[in-house]
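In the two complexes below, subunit A is the common chain; its partner is subunit B in one and subunit C in the other.
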Partner chain A sequence: MAANLQFNILANSNRKNSSSFQLSPNIRLLLIISQVANILPLVKELAVWFIAIASLCVIFQLTIHLNLIKQPSRIGKSIVAILGCALLVVTGRELGLLLGMIHLLCLAYLLKPLEIRNQMDFYQLIILGLLLLACSFIFQQSLYFTLPVLLLVIANFCLLLRYATPQEKWQFQVNLTTKIVLQSLPLTVMLFVIFPKIAPFWQMPTAKSSETGLSDSVKVGDIAQLALSNQLAFRVEFDQQVPVYQQMYWRALTLSDFDGRQWTRRNIPFSQQTVIDQQALLALSQKASGISYQVIAEPSYQYWLFALDIGVIKDKKAGLNIAQLQDYSLLAQRKISQPVSYQVTSYTQQPLNLERLDIKQYTQINQLDNPQLAQYAQTLKANYPSDNVAIIQAVLDNFREQNYRYTLTPPVLTNNSLDEFFFETQAGFCEHYASSFTYLMRSAGIPARIVLGYLGGEYNQQGNYYSVYQRDAHAWTEVWLDGQGWLRIDPTSAVDPSRIERGFSEQLMLEQQQLTAEFNLNNVFNRAWLLQIQMRLDAIDFQWTKLVINFSQDSQQKLLSDWFGQYFNMTAILVIIGGVSFIVIAIVLLNIAAKRPQKRTIWLTLYLQAHHYLDKLGLGRNNDMSDQQFIRLLEKNNVELAVIYKAFIFNFNRLHYSSLESSAKKILIARMKEQLIKIKKMV
Partner chain B sequence: MQQQIEQVLQQINAIVIGKEQQVKLAIACLLAKGHLLIEDLPGMGKTTLAHVLSASLGLSYQRVQFTSDLLPSDVIGVSIFDQNSQSFTLHKGPLFNQVVLADEINRASPKTQSALLEAMEGHQISIDGQTIELPQPFFVIATQNPMFHAGTYPLPESQLDRFMMKISLGFPDVAAEKRILLSTGDLQGLDKLSASINIDQLIEIQKQVAKVHVAEPILEYIIALFQLTRNADSNVNPLSPRAGKSLIAAARAWAYIEHRDHVLPDDIKSVFCAVCEHRISGTGLAQQSSEPLSQQLLKQVDSASPL
Partner chain C sequence: MILTIKKAIKQRISNSVDHWLSKRMPCQEQHQLTRNNVFILPSRFGLVFLMFIVLLFLLGTNYQNNLILLMSYLFISVFITTMLYSFFNLRGIKVAAKGEYLGFVEQTINIPVTLLSEQPRVNINLFFYPSDSCLQSQFAQQITVNVPVKFDKRGVYQLPRLTLESYFMFGLFRCWTHLAFDVQVYVGPKPLACSLNSIANQPANDSEVGNESNAIASDNFYELNNYRVGEPLSQVAWKQLAKTGHWYSKSYQSTNSEQVILSLSAMPSSQIEHKLAQLCFMILEYQKAAIDYGIEIDQRVTPPDHSHHHYLNCLKQVASYGG
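Right, the complex of A and B next:
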């Protein structure tokens, strides 16, 4: 029976004692696994050398876990940390601020398990993991990325619960976590919908990511490269009227300068761009009926947006400033670093003649770059004097009749010579044709420019929208005919009409697949149902992008005023949220203040200090020792020290336990300080 | 005043040899107006201690030997019809003394035990509807044999709680035992012992003891200690607020004996085992662990910054 009386209090005090904190091997292993999982979503953004270091870290921890090697010493840990930071500093310039910081975060996250000294450290690690998962959304937000990441978040919660309730079965932990997450969903949705999205706070940081899609200069071969990418560029949802496929020329930008090698456009700051005549645009929109549609563009880290022919942006949105330039292209003020949506009305039947033409800019060319072409242009001009339409027709006929090939793998041209392409190799992709055609037109004195954009799109029946991929990138030419304005001429149509009518021909598709060497499910199971599933998944992702990712300040305002009608008031919501958060913060602060131990008195600090010194000498005082006993212990070691301590503790006792006047206290504190100095010296 | 206490201590220590700590605890218990339970084997000097204590304090003293057939009236007294006066007169029992030694209290039946213990708590006795105040100061020293001895009725926890302290004298050390063996050992000489303190002075001292300053940190220290016993995963009897009051009173008396006007953690540590051990270890079960439970408690709380 006496055994039953044995104390259990020791187990309790262990919890407070941080030095003996130890994670169970089970949790440790799970922690390593969770680390790998939490970093995975970011792996695409991390530098290769960093991934190598990360793998080393994980292997290192595994070996520690398996007791193959010991925990590194403090110095060892410091060296690893400093080395990692040094590497980051060296590569920081290349990575940029955001990526650099994310690398730093990852490094900290990977090294933290080496020094989990108490419960707080463990919690910190879990929170760090969740932060990393949140960071991965800076780079990708598609639904099929979000879902696995959310699962990872739940897995992290499970790990926390596993730590807190080690004796329970894992089924219980998973169930409870799922329950908690589900319970928190309504609040999450509510906050998502009503929490004010004030621009500077809710903007995602712009990652310095590689630009995708079209660039603002093109030389032969560029778009053929782009055509190998199956990446989504943007999606379009038409309101009612849908243009025919052959008319879906999504204009992005025009190029008017040719330096002999590549076509470029002048680099002008956003504020100094020449904007289209708004009056003319307004008149146009009143006169003609247009096709209206919504474009949801994927992040391209560029400024260009897409529209058919003359596109007029309907609603000006906060946070998305789009300028309509004189060349009918749409330019965003900020880089498109996350999906954006905008409503456009296009006037496809109207001539592009709202501007006054600067002939000099569009006919400027150096005849010496491609002398043969220039020569050919002169011949044409002589054959059809002052009949520009005939010249155009002649060139297109030439393309059609001669043995030109449309291919993704054109022969290499020396110096990007258009002459070589036009007269010798005669095989190329759209930019070859557009380039040489434009060059010819200019040589013949007809104002011409290259237009970059996308052609066509893949219709999704389930979602009733079109997806335009990078492989749909296209280049064509616009020539200015007096009285008609800019006229779209696509020389590619002369070479490979099917490209214009249906997209890639079979031959081209085959080329593309060979070049990308991408594992394409369609090749293995060429089944309709698989395509159906793909389409459906894509349709769900489209809704996700449209409704969730694009839920901006405007859509919020619109939604809320739809719900609450006239009672809706953003200020009121701000006030309510401000009030609620004030109350919550106040409660939290009061709680913290109540829990915080009272401020230590000077003498208690001095006392603890003295014992800190004595501890260093190995003269720790047990809790159950009386002053006398402790002084006797000191006497055995150092008589002088014992004498000083005796006086010291006497003063402390009087200060701490008896009621004294403040003047007496001052004297005693002064004495204690002197005695503490003496004790310190002896130690 | 403190000098007189010193003298009393010296007087007692001259007779009860080698038990300074226990004697001091007993005096502290008396000064704190508590009652004392001494648990020990027969022949360890329990009776001597009680006797000397009363004699040196100048208090009236009576010893009651508790046996299994002892009745409550034997302890508190009885009204008897007096033929001469044709009325009931009260024959006061041994309890009407200032120091009562209840010897081997756990040999008596629970009924008698509770009669004594009720008197201890209330400082008064009711006989035949008549309530009589007990003399002041009133100090009960009870002794009991260890529980494993035959023919014992263990005191329940509620009654153990009435005793402020439980001490045990224990075997003397070699030097002390030599002196004990050589001493005459008769208690007759004790009667000649002159009291170095009178009753008024004793009551005055008791009043002063109650005024000894107890600082906030001391209260925190006590609460921290008590909280340990109240934790869900501790399997000792939790300590009650009454135990806390007893602890403070005893610590005050100890501080007073130590010539101080304030209580130090050392005072708590000195009296803690005596005050709390019998409360947390329950119904007098023989403590087989090498270390008392209360000592284990003391080891877990830092007295300077307890909470």
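Right, the complex of A and C next:
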């Protein structure tokens, strides 16, 4: 009968914070494991010295757990805490506000177990762990990161359940928690889609992560370095028309200043940037048909965004303020610290002549930096007087005909000398060619600048999108020809045409593989099916990035209006939520009201009052006592009272049980009132 | 001053809560837990957790980070799901307790409470309100738990409300109920030892208690009865047991034909509560020795006997004296 019965007496119930609160060894061990697990997602962001301290803390706790050493004294604990805080203060400036806070949080999380004195402390620890897991999303958001974190969340809930039900098997806890989380998912998704997305309330410190990808200064060798990275830069999904591969020049920024060593651009605050003529852009978009596509950029911790020429941002987004600069590049107001998506239409066939040229800025050069190149430019200028196109052609022919090599491992140049590259080593990567070409143009008096960006992209068949990696980084040149505007000249195309047409040649691939120590499955197996799987996984991650990470106010609005019709907006949602909750509350209230006894009649009130007085005399009336019985009881105590009561109850019965005219009722009620007063007096 | 006001307010609130409870969930022999008598509110941890969710929402909104937002939505959903689970853990349990119980002041009195359920239940705490010890139980079909209760004063009590609570799942919610049972508890005074002789020497109303320690020895063996559970082992007829395997108890007929009547007024102490305590002690002693005894309280005489029923009756009288 009594199957599986268990019960135990808790001498001091856990309802109260007892002084002898102690976690069971099992839970304590799990707690230490969960600490390590919860900090793991953040480990990339933590300082090395902090990781050392963290490991010490964990080892310390393990030794306590194994009873090798005793619990540290209060002073010991304080010293550790103060030491950690002091280290944080010292390194705080270097870490920045956000990382500093996260370090502090981690420190608290690691030291808290030494101070678990009651149940609430334990719960606080769990909440801290969950908070750390949430914070890890500030830094990384890919699907492959999210899924393990979700598992960790479930594990934390498991630990809570394990704590509550130590007698059960662990399968019970895991199953139940998983069940609950899975059952919660539909509501989560609904909330995510429906719950109005709100603009940020206040500015938060951003992560001070190192910048990735192109930077706003380049010297020879920089891009060759970047080409070693297989990190994703951005992904593009074309709406319909896809440009040919050799047209996929993704512009990021232009560089116009050369100091002899590196190309830079002026550092101007966002608000003072010269913006492109909006009228001209508008006219352009009305005149020509463009290619439209969506770019989903990975966090680069920089301001530059990517588009084909001439890229026009279609719909401005609430969270993302993008300026379209005069040099046709796109600049975000805030650092790209998490994946962003934006819709662009590019008018690839249109000339880049929407601006008034500042000739001085684009022809400025120091002839002494590379005297040989300057000399060569003068020769060209003399050979082809006032024929800029011929000069350009001559230089490109020179690249084509002479024995120039396109390589990731060019010989080192002394003092970044372009002369040395052009006339002696003749081996370099795109920035070598672009750099010397631009220098030559400027020396010849042709306005020119360097454009940094990406070239090409890897097509993902499963997801129907292009991935552009850091290794696709590229530098090319733009020259200004009167009447045509800026013209893209890519000297690389003259040296290594396959780079432009198909991407890296086999030779380059080989060089890249040799240079990257990175273990790459692709390179080892190079099997088609493995590539397929990789593509599929990447396609899933792309959808995740597009649908979840980039789900914004606008996409919410769009989705909901797709579902519920054109005129659907946030106010409508609020009205619906408000309306539904109003109806629910109304129903509940009505239900409660319906359950309430009906409104008392006057005579019932009088009757109850009379009994209230009689109760005081100790003459209570049970429900199973008849009128006659009660009157007899009264007679025993007080005959006079009994007489009055008899008349009172007679009136009451007439009012209560027979239907009377309202006038008759009034008379009876008046009588009852008089009798009630008499009863009251007697009491 | 403030303390007394605080106390008064507390008293007032608890009174009105009691009143409300007694209207809503009146005394019964058996309760089934439904949504009408189960309360559920977030525990302290639950409130902290809610605050944490709000914090996450702010964090996610300020960073425009959908994953953090998603996490806060997940947590609020888990919170709601947990609420349902904690309620379902209590719903449908049948709780029953009945009868009368007897105990002494400051002694733990165990009240058997029967829990019935078709599904397995976990982490249910059972306790009577003012008591600070509680039982934790999980069970499948049926279980009878002895729930301790203690009283500081002699008297006849209605059993206090039984609190059934559970923090089941993650401790986010406290799901509980206060059930009243039609159970009387007679709480006798804490027995106060007193010398038998001191009473014997006193002129009792109509009894002479003399040299009781030898009572059994000096009494004559009268007959063998079937042994009943509860009779002292000293009365077991061991020889017969060894021979026949049957349990018999020996009955004696007192040679001292005078009946023992323990009188309250004859107790040595001057204070009435102490007298009651002493009387209680005497009853216990006589019952232990299995000697017939009667009691006399305020001229109401209960005739001598030493059955269990008689014993209970005597103690009840002591417990309810003056009440």
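Rule of thumb we're sticking to: the second predicted complex is superposed on the first by the 546 of 683 C-alpha atoms of A that agree within 3 Å, B and C clash if a C-alpha of one lies under 4 Å from a C-alpha of the other, contacts with A are read in each partner's own complex, and residues count from 1 in each chain.
Convention: a residue touches a chain if its C-beta (ideal position, glycine included) is under 8 Å from a C-beta of that chain, and two chains touch if they have at least 3 such contacts.
Quick caveat, the model's predicted, so the values are computed rather than measured.
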First (subunit B), second (subunit C), both or neither touched by A:138: second
Partner chain in contact with A:187 - subunit B first, subunit C second, else both or neither: second
Which of subunit B and subunit C A:164 touches, first, second, both or neither: second
First, second, both or neither for A:130, with subunit B first and subunit C second: second
Partner with the higher number of touched subunit A residues, subunit C or subunit B: C
Touching partner for A:564 - first (subunit B), second (subunit C), both, neither: neither
First (subunit B), second (subunit C), both or neither touched by A:146: second
Which superposed partner A:604 touches (first subunit B, second subunit C, both, neither): first
Residues of subunit A at both interfaces, subunit B in one complex, subunit C in the other: 1-2, 4-13
Residues of subunit A defined as touching subunit C within the complex: 1-13, 15-16, 119-120, 123-124, 127, 130-131, 133-135, 137-138, 141, 146, 153, 157, 160-161, 163-165, 167-168, 176, 180-181, 183-185, 187-188, 191-192, 195, 197-204, 319, 338, 548-552
Residue numbers on subunit B that touch subunit A, as the complex places them: 213, 215, 217-218, 228, 231, 233-236, 260-266, 269-270, 281-282, 285-289, 293, 295-305, 307
Residue numbers on subunit A that touch subunit B, as the complex places them: 1-2, 4-13, 597, 600, 604, 607-608, 622-624, 626-628, 652-654, 656-659
Interfacial residue positions of subunit C with respect to subunit A in the complex: 44-45, 48-49, 52, 55-56, 58-78, 80-82, 85, 120, 122-123, 125, 127, 132-145, 148, 165, 167-171
